[in-house]
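The data blocks that follow each hold one structure.
The same subunit A turns up in both complexes below, where it pairs with subunit B and then with subunit C.
Coming up: the complex of A and B.
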């Protein structure tokens, strides 16, 4: 294995990892704060990807600009979903454990609804478009420009979100709700609103990941599940509820995935599961978990 | 879960009547009815097996598809259409045992995990078995799919009915045993159960194994009806969610909850699939969300509430009359 191959794998892993990190941060918000293990997370990726595809092919809107269109729409969908469905479930569930399993099942229902609406709307075919599709030479290894741009955006969005969490009042409320919802609510945090915002923001992260992803891989309505699973693996890897953990975990899994794909492409998904199950058995708290 | 209702006499007679009606079904029922009832029985077996473990322990297992699929695959390997290696009942028994062993192994490894981790892990289990099998079939055996011996519908029906009866008897005897008592106390308070000297992990692992035996056996017999098997068909994650949904929809408070839930759902599925093939999964999703939102205790809970209201209404009327 020469230096260019190693560089190729390393940068390829970072490129994949950027998307995974974004995905996992979204799920981390939904599960770590709102306590909803959202199995339909991948469906928001699919929605983001299809919205971008449709806006680009039908109206010629720049895929990077669609971030500004997709974001608010998906936020509203996520926010309302939490307000109508999960808030109600949270209040009517006898225990946090019961809420977790009931909301998990509810997200399966949402998965089927979104996926099948998309199937009816867009059909089952693979779709792709070409944007920024030219090679850039990085120290001997060649990458398409759209992958580099999507990595840049993934890191940018991740950092922006982190600053939002650490520096703003709403960010503080979110962190408080993550630590202890009951106490946060006693301190004057409108807990239902904060949790709904978290859920909405988590969906937005997935939508953004979908937009970035659609620039470089073919998309179809059934694409979501694999990304949901990857996001779950990453948040367990990084430690449930830890936003920096998900960010780092995303990059780690991206690199591992690229290495396995290089050695034996058909086993990469099995390798993800294997790492994940090993991790659950050895260190279920994750790398940054407390 | 309260299964004491089953031990009372009032369920014995209706149970025996149902059994007689079912056992003689191929004599008067149409071919379609026999096939439909077989499918319904399959779902009842999956749902009740799921409840045996997940009801009392509170662990949400999403591994049903793994155990069911292992049964399907065992049948595909032992009864290829090129030549049946073993008689059907033996294959069904072996499939059940392999699934049970797998469950014991997985349970021993994972039942220390906290609830939600267990759910994720069991879901991953289905996928990892599927991926490894796909790799194996593609790279080593070079088969894309397998064909299973065709068995006539009545035989499939009777074996399914046999598994169902065995499952019900198992539930009944677990309930009457010391083991069932231990299981119930774990469900109520695990820590307290451990302090009274119950080997908590052992009880959970064995129960997980028992529930998987019936899923594997049901899978093996279904394989002979589907006749074509590949890893995608055998390890369809829907078979993990369906039993959960059916049990919740029916209500887990009573044993007949999952049975009713599975029967209604399986019937709906069959009719929806033929009348609205494109919207079937969409409708399924909507029903799932609505059921979780408005029927937290399932159909059984709804029935009990209605009975209660009716009784209250009746007594109020009596009071008014006097």
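Coming up: the complex of A and C.
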């Protein structure tokens, strides 16, 4: 293996890992704070991807600019979904454990509804468009510009979110709610609203990941599930609720993915599962988990 | 004037009445004590008042307004705050951030973040935690964690502060400091309702004491009256 191949794999892994990190941060918010293990997470990725595809191919809107359209729309969908469905489930569930299993089942339903609506709207074919599709030479290894740009955006979104959590009033409420929702509400935090905002923000991150993915891979309405599984593996790998953990986990999984793909492409998903099971046996709280 | 009053407050867990038809009140400006053996229902009563639990049946009024059924954050914003028997701090946040949360969310009128920070700093000074303001809350000793809870509750600008066993687990010197803190809080004009097992403390700081036993109120009066009440002595020492 020469140096260029190694660079190719390493940088390729980081480029994939940035997207994985974004997915995982979103799921971390939904599962770590709002306690909803959202199996439909990947459907929001798919919605983001198709929204960008449609806006670009039908109206010629720059895919990166569609982030500004995709974000608010998906936030509202996620926020309302939590306010109507999950808030009700949370109040009617006798225990937090019961809420987790009930909301998990509910998200399966959401998965099928969104996926089938997308099939009606866009059909089952793979779709793709070409944007920033020229090569950039990094030390001999060549990557398309759209992959580099999407990594930059993923890191930028992660940083912005970190600053939001530490600096703002709502960020502090989210961190408090992640640790102890009942006590946070006794301090005057409107907990139902904060959890709905977390769910909405989690969906937005999935949508953003979808927008970025659509620039580099073909999309179809059934694409979500694989990414949901990847997001679950990354939050287990990096530790639930840790932003740096999401990035470390995302990059590790991205690199493992590209290494395995280099050796035998059809084994990459199997390798993810293998890592996942190994991790559950050896270090279930993740690399940075507390 | 009564700032807090409860009428027939009852809570069943399964078939067991944890709190049973309790009538109680707290007067504005006083330090009211709530005592009773373990399992008497004291913390359950606090949970009912702060809306962690909902009484069934029974009504609780705060400043004359019915608060049963309100969400916890609404009750907090009306001016009722509490601390916990087992400390419930936000352990990954700094001491200052814990208190800041109360300032930022505790009262319904908006507050600029600069004002909230200033207020949180003042409260840390008040409880004696300024030196550790940037330390993660989980790294503090129990007594200091309890002080965080007091400062955080005060940050919500309460008119009534409920303290659940503030002095449990503290050594005699710390108990003395805590007693002094309680009187200083009252001197700010805040009414206090406290659960306590440390008899010396509750007898010396309280104006009035209520005694719960098996979920029922069995006595009420000044510390002197409680100390000589035959019923109370029986409950605590056996017959």
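Following the convention adopted for this analysis, the second predicted complex is superposed on the first by the 290 of 290 C-alpha atoms of A that agree within 3 Å, B and C clash if a C-alpha of one lies under 4 Å from a C-alpha of the other, contacts with A are read in each partner's own complex, and residues count from 1 in each chain.
Throughout what follows, contacts are C-beta pairs under 8 Å (C-beta built on N, C-alpha and C of every residue); 3 or more make two chains touch, one makes a residue touch a chain.
Only a predicted model underlies this, so the values are computations on that prediction, with no experimental measurement involved.
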- What is the contact status of A:10 with respect to subunit B (first) and subunit C (second): first, second, both, or neither? neither
- Message: Just checking: does A:189 make contact with subunit B only, subunit C only, both, or neither of them? Give me first, second, both or neither.
- Response: second
- Among the partners subunit B and subunit C, which is in contact with a greater number of residues of subunit A? B
- Just subunit B (first), just subunit C (second), both, or neither: which does A:92 touch? first
- Message: Going by the contact rule set out at the top, does A:172 touch subunit B (first), subunit C (second), both, or neither?
- Response: second
- May I ask you to decide whether A:120 touches subunit B, subunit C, both, or neither, giving the answer as first, second, both or neither? first
- Task: State whether A:180 touches subunit B only (first), subunit C only (second), both chains, or neither.
- Result: second
- Shared subunit A surface residues [contacts with subunit B and with subunit C]: none
- Tell me, which parts of subunit B touch subunit A in their complex? 58, 60, 109-110, 113-117, 119-121, 124-125, 127-128, 131-132, 134-135, 138-139, 241, 244-245, 248, 278-279, 281-282, 284-289, 292-293, 296
- What residues of subunit C sit close enough to touch subunit A in their complex? 50, 52, 71-73, 76-77, 81-82, 84, 88, 90-93, 97, 100-102, 104-107, 113, 152-153, 155-156
- Residue set of subunit A touching subunit C in the complex reads 169, 172-173, 175-176, 179-180, 182-192, 290
- Where on subunit A is subunit B touching in the complex? 37, 85, 88-89, 92-93, 97, 100-102, 104-106, 108-113, 115-117, 119-120, 229, 232, 236, 266-267, 269-270, 273-274, 276-277, 280-281, 284
